[in-house]
Amino acid sequence: MLEPINVSLESLNLITLAPMLIAIAGALTILIIDLINSKLDKSLYVMLTVLVLFIDFGSVLGLNVNERGFFDVMLIDGISIISQLMIIGGSMIFIPLALTSKRFHEYSYPEFFALFLFMIAGFQFMVASDNLVLIFVGLETASLSLYTLIALHNRANSYEAAVKYFTMGALAAAFFAMGSAVVYALTGSIELYKVAEVMATRLHETGLMIAIFGSSILLLVAFSFKLSLFPFHTWAPDVYEGASAPLAGYMSVVPKIAAFVVSIRIFGMYIDLGLEWVRWTILILAVITMTLSNIMALVQDDVKRMLAYSSISHAGFIMAALALDTTEGNTSIFLYYALFMFTNLGAFTMLWISRHKKRRFNKRYDHPYEKFAGLIQIMPVGAVIMALFMLSLAGVPPFSVFWGKIYVMQAAVNSGYIWLAIVMGLNSAVAAYYYLKLIVYMFLMEPVKDVDMVYYNISKPLMAIIGLATLATVAAVFYVQPLISYLYYMISASGY
Amino acid sequence: MFENFIASIMTIEGAAFYVFSILTIGLFSITVMSKNVLYAMTSLAAAMVLISGFFFILGADFLGVVQLVVYVGAIMALYSFAMMFFDATKDIKEKTTSNSLVFLLGGLSALVLVLMFAAPIYSENIQALYPMHEGVGNAQDVGMVLFTKYLIPFEVAAVMLLVAMIAGIILAGKKMDESLTEDMSADDEILIIKDEK
Amino acid sequence: MENMLSILVFFPAVAGLLGFVVEKESARMYGVTVAAIEFALSLWLWFSFDMSNAGMQFVEMIPLIPDFGITYYLGADGISLFIIIMTTLMTLIGMAGMSETRNVKNMIITLLFLEMTMVGVFVALDAIIFYMFWELSLVPMLYIIGAWGGPLRIYASIKFFLYTFAGSLIMLVGMLFVAYTYHDLTGVWSFAITDWYALVLPVDYQLWLFAAFFIGFAIKVPMFPFHTWIPYAHGQAPTIGSVILAAVLLKMGTYGFVRFSLPMFPDASVMAITPIAVLSLIMIIYTAMIAYAQKDMKQVIAYSSVSHMGIIMLGLFAMNAEGLSGSVFQMLSHGIVSGALFMLVGVIYDRRHTKLMSEFGGLAAVMPKYAVIFGIMLMAAVGLPLTMGFPGEFLVLLGFYKISPIMTILAGTSIILGAVYMLRLFKKSFFGPLNNEENMKLKDLNNRETWSLIPLVAIVIWLGVYPKPVLEPIDNSVKALLVFMDEKAITKEAKDMILVSKSNKGGA
Amino acid sequence: MIGLSHYLIVSAIIFSIGLVGVLRRRNLLMLFFATEVMLNAVNIAFAAISHYYNDLTGQMFAFFIIAIAASEVAVGLGILIVLFKKHGSLDLDDLANMRG
Amino acid sequence: MENLVYVALFAPFVGSLFAALFGMSQRQIFVGVIASGLLAVSFISSLLLAINLYTTGNVIHVTMMDWINAGDISIPFGFVIDQISVTMMTVVTLVSTIVHIYAIGYMDHDKAFNRFFSYLSAFVFSMLILVMSDNFAGLFIGWEGVGVCSWLLVGFWYHKPDQTREENPSISPSWAANEAFIMNRIADLGMLVGIFILYWNTGSLQYDVVFAALPNLDDAVLVTAAIALFIGAMGKSAQFPLHTWLTDAMEGPTPVSALIHAATMVTAGVFLVIRSNPLYGMEAVAGVSFFIACLGTFVAFYAASMALVERDLKRIIAYSTLSQLGYMFAAAGLGAYWIALFHLAAHAFFKALLFLGGGNVMHAMHDELDLFKMGELRKKMRGTFIYMTIASIALAGLPPLAGFWSKDAIIETAFNEHTYVLWFMLVLTAGMTAFYSFRQVFLTFFGEDRHTALGFHPHEMYKFVLAAMSPLAVLAIITGWFMGGYKAFIYQIGEGVQYEMSEHTHHLATYLGLIVIFVAVSGIILAYFKYARTGKNAFKRNEEKEQGFFYKLLINQYYVPKIYEEYITKPYAMISEVFWTKVDLKIVDATVDNIAKFFYVSGDKTRAMQTGNLSNYLNWMAVGAVVLLVIAAISAMLV
C-alpha cells in the first residue's frame, strides 16, 4: 500500500490557477444562463465575456513573477504573465466585434462565447506551464474550440477551413506527441526544466545526437504548424479566408502568441543547450517563410487573403527573432505582437465592417481589391484609417508595427545576424508593394461600381474598436517605451 | 544476433511482443490501405485491442483498460455511428496521391525514426521522477500520480472533453442547417438597427 | 523660443489636420496662408540664427524611448538652415502658383503633411526620427503623383515609393548596426546623430556602413544607376509634385550624405571618393545626353535635374570646404532653379496640355514674360555667373579639382552639355517661327503665375550676385565638419585627403 | 530479451504507417483513422519508455493522449457532419474552393 | 576717381535695366537715346580715368564687395584700372556708344527695339566687368556675361526658321546663337580649369596675388595653366578649331556684329592673354606662347583664305575679324603684348566702322548681303562708301591709316623674333587681306549696277547715323599716329608688356614696311582689275570656276562645319538617343522592373503550391517533416 500523501494548501499555490478558473467559470456561467433563458441577445453574452475577461486580466496582473504552483505543473513566470495579458487583451478587443449591425450565425449561439472563453483558458494553460502534458492538453482545448468557432461561421468556406485546420492540426498533434515521446525517452521527464538538466548531461553521449535533433524536429513540426511556418503554413490562407474576418485577425495574433511562448520555452531550451543546428533550422525556416509568403501575397486578388499571407510573413519575421534566443529577441516577439495586434485586428475589422452577403464584387472572394477602389471618394475617413493600418503593417514609421520591426531587426543586429536584418529589410520592401496596392486602389483609382457606401456592417461598438486600433497604431511612439521596459523586465526576470 | 532473437522469442514476453507487433502492424496496414471503410475500421479496432495487449505486457494495466474502454469502446462506437451516418459501407473510390511519393515519405520517416530509436536512447542514469512501486497495483500507482501531480491536466482534459461535447452537439445540431451568412434565401443577415433595439 | 523647430515641423501638420474642416473653395487660400506663415517662421529661424556658431542650434531633446535610445532630438546648423528655408519657400511658391483644380483641398492637406515631413528630415538629429520623416515623406508624394498625375501615374508612384522604400530599409539596418556598435562601446543605447559622431569605427565597419547608407541615400538622390524612377515620377507627377520632388525630396539624399556618411565614416568616405565620383560623372554626362534626346520638355528638366545632382554629389566628396560648401549651396540653387523650371513647364502644360517640344516653337513671340523668366532660369540652370547656379557649380568643380583634375574636367563637361540640352529646349520651344495654330493665341503669364515666379527670379539673381548671407553660415558649418572629419579619420590616407581650411588650421 | 528499442521501433513503424495513411487517404473519415494510428503508435512508445524507466509519467502522457484522441474524434466528426450536410461527400478532392 | 570707376561700370547697366523696363512695350526712341547717353557717360568716365592714369600713373584698385567666400577662397567684386583695362574700357565704351547711336537708326523699324538696347547695354556692362575685374573669377563673370548677351543678340531675330546649310550656312539666328554659346562653353571649361589650377597653386584668384606667386610654381603647372587659359581665349576669340561660330554669328543684327563680333567681345581672348602676360611671358611657358603665335598666324591666313571667295558681305568682314584676331594672337604669342593691345584697339575702330558701313549697305539693300547682287552703290550711298573705303584701307594696312601701324608692328615682331615663316605668312595674309577687303569694296560700290535689276532701290542711311560713325572714321585714320604715345603709356605697367625691336630689325624697319605696303597694294590692284571695272571688263560670275576644288573648299569653309555636324553633332544626338532608348530604358530601368517582375512571377509560381486541396497540404506538411528529419539524421551523423 502506498503512503497517503499530505499536501498543504499553501504549497499548491492555487492563486496561479485563478485566471484560468475565472475564464472557465465564466464559460460555464454563460452556458447556465443559456439554459435558464435561451432567448437572450448576443449583446448580453458579449458584455459578459468582456467582463469575465476583465476580471481575468486583473487576476493575471495580480500574479507574482516566477512562481510555480500545483506540484510545479503551473509555471507563472514573466513570459507567461505578459502572454496571458496579451491573450486576454486581444480577446477583449476581438469579442465586441460580434456587435455588428448585421446578424451572423455564430453569434446566435451562446455556446460561441462559452467556447471562446474555454479557448482562452486553454491558451492560458498552455503558456502557464512547462509540462508538456499540460501544454498539450491546453493546446488541444484551445484548438478544438477554435476549430468549432471557425466552423460556426456557417458557410461552405468555413467548413472547408475548419476541416483543413482540423486535419492538419491532428497531424501536428501526432508529431507533438511523438516529439514528446522522444524527449521523454531521452530524459525520462516531460517537464522542460528537468528535460534541460538531463539533456545537458547526455549531450555528449555518442550516437544520441540523432535522437536529440529528431526530437527537436518533431516538436518543431508541431509548432511550425501552429505558427504557420513554411512548409506547414498551407492551411493559414485558406483558414483565414474561410473564417470570419475578425476571427481571422484574432487567429493571426492570439493563438500565435501562445504558440510562441511554448516555442520560446522549448526551442530556447534547445538553443541554450548549445545546439546551433536547431537555431539555424529555425532561422532558415523563418527566412523562407517570410520571403515566400511575401511573394505569394504579392499576387493575391483578395485583401483578406493578402492579409493572411502577410500575417504568415510577420510570423516568419518573429520566428527569426525567436531563433536569436536573446532577451532582446524574446522581448521583440512580444513587443511586435503587442503592436501588430492592434493594427492587424484593426485591418481585419475594416474588412469585417465591409462585409455584405449580397453585394459582392467577385464570385470567389469577399474582399477583392476592386471593392475598395476609390474608397477615398466614398468614405474618406475609412480609407484614411485603412491606409494607416496598411502603412503600419508595411513598417512605415511612426506607426506601430515599425517599432516592433526595428526592435526585431535591432535584436538581429545585436546578435550578429546582420544578414538576417537585411533580409528582413528587403522583405519589408517587397511587402510594401501589396500593402501599397490596397492604398493605391483606395486612393488612386476610381470606384468600380456605383456604391454609396462600402461599410455595410458598421456599428458603434465596431467604430469604437477601430478608433482604439487607430489610436494605438498612430500613437505607438508614446507607449512603446513603457511597453518595452515592462516586457524587457518581465522577460529578463524569467530568464529568457 | 539471430540467437538473441531466438532467445527472446522463447520467453513469453518476447513471444507476445512479436506476435502483437506483427499483428498490429498488419492490421494497421489494412486500416491504411483498405478501400472499404468497414474493413478499415474493424482492423483499426482490432489493432487497438492488440495495443492494449502491449500495455499489459508493459505492466501498464490501467492504461490497457483505458485503451480498451475509450478507444475500442467509445471512439470506435462513434466512428461506427458516423459511418452509418455517412453511409460509407461501400467501397470508396480514392484518387490516391502518387504511391511512390507516399511510400518514399513513409519509408524515410520510418527509417529516420527507427534510426533515432535505435540510438542508445535508454540511459541507466535516469532517475524515475514518479517511480512505480513494487507490490502496488498499477491502477493505484496511476491514481496516486494522476490526482496529485497531474490533477490540473486531468481537469483541463475534462474541460477539453466538455468543449468537444459542446462542439459536437452544436455542429451536428439542426440549427447549423440554415446559414444566415451564406444562403441567399435565408433571412437577410441585415438586422437593421430597429431589430437591435 | 526654445522649441522653434518643433513648431516649424508640426505647424503644417496641425494646419493640415485642421484643413479637413476648411471648406473646399477656401482650401487653397488656407494652404497658401499656412505655407506663408511657415515660411515666415523659417525666416524668423534665420534671423535668430547665430551666424558665427558652426554647431547645432535651436536644439530640442525629449527622450522618447529611452530604453532604446530614441530621442526626439532636433537641431539646425548652417547646412540645414537654408535647406529648411528653401523647403518652406518652395512649398509656399508651389502652392501659390498651383494651377490644379481637381480636389484642391486634398492636395493642400497632402502638401501640408508633406511639408512637415520635409522640414522634419532636415531638422532631425536622431537617426530614427530622421528615418521616420524620411519614410513618411514618401506617402504624401505617392498620393500626389498617384492622384493627380498623368496616365502612368500609378506605375510611377508605386515605383517611386518602393524604390526609395527598399533603399531606405537597407539604410535602416545600417542605422541599427551603428546603434548597436555604439551600445557595444559605451553601454548606452543612442540613436542621436551627434552621439554617433563621436564613434570611431574601424575601417571595414565604416565601409559596410557607408555602403548601407549609400544605398538609401543614392536612390533618393538619385544616383546612377538608381535613377530610373525619377523620369517616371517627374513625367507623371503634376507640376506641384515635380516642383517639390526636385526642389526638396532629392535634397534629402544629398543632405543625408552630409549629415550621416561624411562625419560618421570619414575614412570610408575618402575611400569612396573614386567610385562615387565615377558614378557622379556617369550621372552628369550620361543623363545630360539622355536629356538631349528627350522630346518632352519636362523630361528634359527631369534628366537635367539628375545631371545636376551629379555635380552636388561630386562636391560632397571633394573633401574640402570649397567643394562641400559649393555642394550645399548648389543644393539650394538646384532646388530653386529646377523647381522654377518645373513650374514653368507646368505653365505651358496648363495651356496646351502637352509638353512635347515639337508642339511648340516661337513661344517667345506670344509669351514674352514667360520666355524671359524661362530664360533666366535656364541660364541659372546652366550655371551662368551672377545667377544662383554659378557659385555652387563653380565651387564644386573648384573643390573637386583638388581631388582629381581629370574627373573635374569630365564633370566640367556639364557646363557644355547642360548648355546643349537646355539651349536646344529653349530654341525648340521659344525660338523659330510661330507655326502651330494653337500656339498663336496663347496667353502670357497671368498674375498668379507671375507673382509666384518673380520671387524665385529675385532669389536666383540675389544669391547669384551676393551669396554671402547664405554661403557664410554654410561655410562655417562645413569647415567645422571638415575639421571634425580630419580629427576623426583614422587612416593616413583619409587625413591627407581631407583638407581643412587654412582659417581653421589653428584649431576650430 | 526484448529491449526498449524493440518497442520504440514498432512504435516508429506504426507511426510511419499512420503517416502513409494520412498521405494516401482522400476520404476524410479514413484519414481520421490514420491519425488515430499515429497517436496509438506514440502511446506504445510512452508505455514502453515508462516501463523501462520504471516511471509513471509516460503512462500519464499516454492516458492524456487517449483523452485528446477522444475529443478530437468528437469535434472532428462534428465538423465532418456539417461538411457532409453541405457537400454530400467526404472526399478531400471535392473540397478545394479556396486556393491560390 | 573711385566713383568714376563705378559710374563707368554701372552706367551701361542702368541703361540696360532702363531699356528692359520697356522691353515688352512698343518701340520708344527715347529708350535708345537714354541708353546711348548712359554709354556716353560711361565713355567719358573711362576717358577721364584714362587721362588720370596717363597723367598720374596711379593704378586705381577698388573692391566693391565680397562675392564668394568659401573655404579658403575669397572672391570679391574688385576692379582694377590700369593701363590695360583702361585701354579696353575706352575702346569698348567708345565703340559701344557709337554703335548704340547707330542702332537707333538701324533698328528703327524693329518691333523689339527696346529689348535690343537692353541687351546691348547689358553686353557692354558685362564687357566692362570682364576688362575691369581684378581677379579671374570676375573676368569669368564678364566672360560668361558677354557670352549670354551674344547669345541673346545673335538670336535676336529668333523668329526666323531654320534653313538648310545650303540655303544659309548659318542655318538660323537661333541656331547660330546656340552654336556660339556652346562653342564658347567648351572653351570656358578650359578657362575654368585654368582658374582651378591657379587657385590650388597660388591660393587666390586675384591677379596681383596670382602673378606674384607664379615664379614659385612648377613648370608643368605653369604650362597646363597657360594652355587651359588659352583654350578659354580660343573660344571667345574664335581661334581654330573653335572658330565656326563667329561667321555664323553674323545672323545677328549688324550693330551686334560690329560691337560684339568685331570690336569687343571677340578680342576678350586676346585681352586674357595680354592680361595674363606675367604667365605667358615666363620662360617655362615659352612653348605655349609660341604655339599661340603659330596658331594666330595660321588663323590669320586661314580666315583670309576663306574670305577670298565669300560672297556674303558680313561674312567677309567676319573672316577679316578672325584673321585680324590671328594677328593679335601672333603678336601676343611672340611677347609683343602692347602691340597686340594696340592692334586690338585700332582694329576695334576700323572694323566697327567697316561693319557699320556694311550695316548701312544691308539696310539699304533690305538685308540682302550677296555682293554679286550689289555694285555701283557709291553713287547712292556716298557717306557709307567713304567710311567703308577708309575702313578697308585701314584694314588692308596702308599708311597712314590705323591698320598699317599696328599690323606692320606685328609683322615686324615676327621678323624680329626670327620666326621667318610666321613673318612670311603674315605678309602674305596682309596681301590677301587687302585683296578681299577691296574685292568687297569694289563689288559693292563699283562695277556694274547689278541691284536695280533685282528690284533693289538703295538709299543712304540717316544723317545722324552717319554723323555718329564719323568718330570711328577719324579714329580709323589717326589712331596709328599715337602709337608712340601709347607705348609710353602702357610701358608704365612694367616689364611684362614692354617689347622693343632689336637693333637689327630697327634698321630694316623701313624695308619691311615697304614690303608689306607693296604686297597690300598689289592685292588692291588685283582686286581692282578683277572687280571694279565696268563695261566689257565688268566682273562676271564664273560658274565653272566655282566648281573648282579650291573654290569649293574655301566656300565651304574647309568643310569644317560639315565635319562638326557629321562627326560631332549627329553622333552626339545618336548616342544620346541610344543611351536613352537602349541603355536607360532597356537596361537600367528594365533591370529594376525585372527585379520587381521576378518577385511577382515567382509569387505567381509559388502560389501554385496553394492548391486548395487538403491532401496536398498534408503532403507538404509530411514532406517538410520528413525532409527536416532526414536532414536532422544526416547532420547528426556528421556532428
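Here the chain labels run A, B, C, D and E in written order, and each chain numbers its own residues starting at 1.
Going forward, a contact is a pair of C-beta atoms (placed from the backbone, for glycine too) under 8 Å apart; a residue touches a chain by one contact, two chains touch by 3 or more.
Quantities reported herein were computed from a predicted structural model and do not represent experimental measurements.
The chains in contact with chain A and with chain C alike are E. Path length between chain C and chain D in the chain contact graph, taken as the least number of steps between touching chains: 2.
When chain pairs are compared by contacting C-beta pairs, B-D ranks highest.
Put simply, the chain farthest from chain E by mean CA position is B. Of all chains present, the one whose mean CA position sits nearest the global mean of protein CA atoms is C. Distance from the chain B centre to the chain C centre is 69 Å, each centre being the mean of its Cα atoms.
A straight line joining the Cα centres of chain C and chain E is 36 Å long. Work out the mean CA point of chain B and of chain E, and you get 101 Å between them. With centres set at the average Cα position, the gap from chain D to chain E is 96 Å. Shown for chain D are the residues that touch two or more other chains, namely 4, 8, 11, 15, 18-19, 22-23, 25-26, 32, 45, 53, 55, 57, 60, 64, 67-68, 71-72, 75, 78-80, 82, 93, 95, 97-100.
Of all residues in chain E, those that touch two or more other chains are 596, 607, 610, 612, 614-615, 618-619, 622-623, 625, 629, 632-633. Counting partners per residue, chain B has 97, 101, 105, 109, 112-113, 115-117, 121-122, 126, 128-129, 141, 149-150, 153, 157, 160, 163-164, 167, 170-171, 176 as the residues that reach two or more other chains.
In summary, the structure contains touching chain pairs A-B, A-C, A-D, A-E, B-D, B-E, C-E, D-E.
Across the complex, chain B meets chain D through its residues 4, 7-8, 11, 13-14, 17, 21, 24-25, 28-29, 31-33, 37, 40-41, 44, 47-48, 51, 54-55, 58-60, 62-63, 66-67, 70-71, 74-75, 78-79, 82-83, 85-86, 88, 92, 94-97, 99, 101-103, 105-107, 109-110, 113-114, 116-118, 121-122, 126, 128-132, 138, 141-142, 145-146, 149-150, 153, 157, 160-161, 163-165, 167-172, 176-177. By the touch criterion given at the top, residues 607, 610-615, 618-619, 622 of chain E touch chain D in their complex.
Within the complex formed with chain C, the residues of chain A that make contact are 376, 391, 394-398, 402-403, 406-407, 409-410, 413-414, 418, 421-422, 424-426, 428-429, 432-433, 436, 439-440, 443-445, 477, 480-481, 484-485, 488. Residue ranges of chain E in contact with chain A, taken from their complex: 596, 599-600, 602-604, 606-607, 609-610, 612, 614, 616-618, 620-625, 628-629, 631-633, 635-637, 639. Put simply, chain C touches chain A in their complex at residues 63-68, 106, 128, 131-132, 135-136, 138-139, 142-143, 146-147, 153-154, 157-158, 161-162, 165-166, 169-170, 172-173, 176-177, 179-180, 183.
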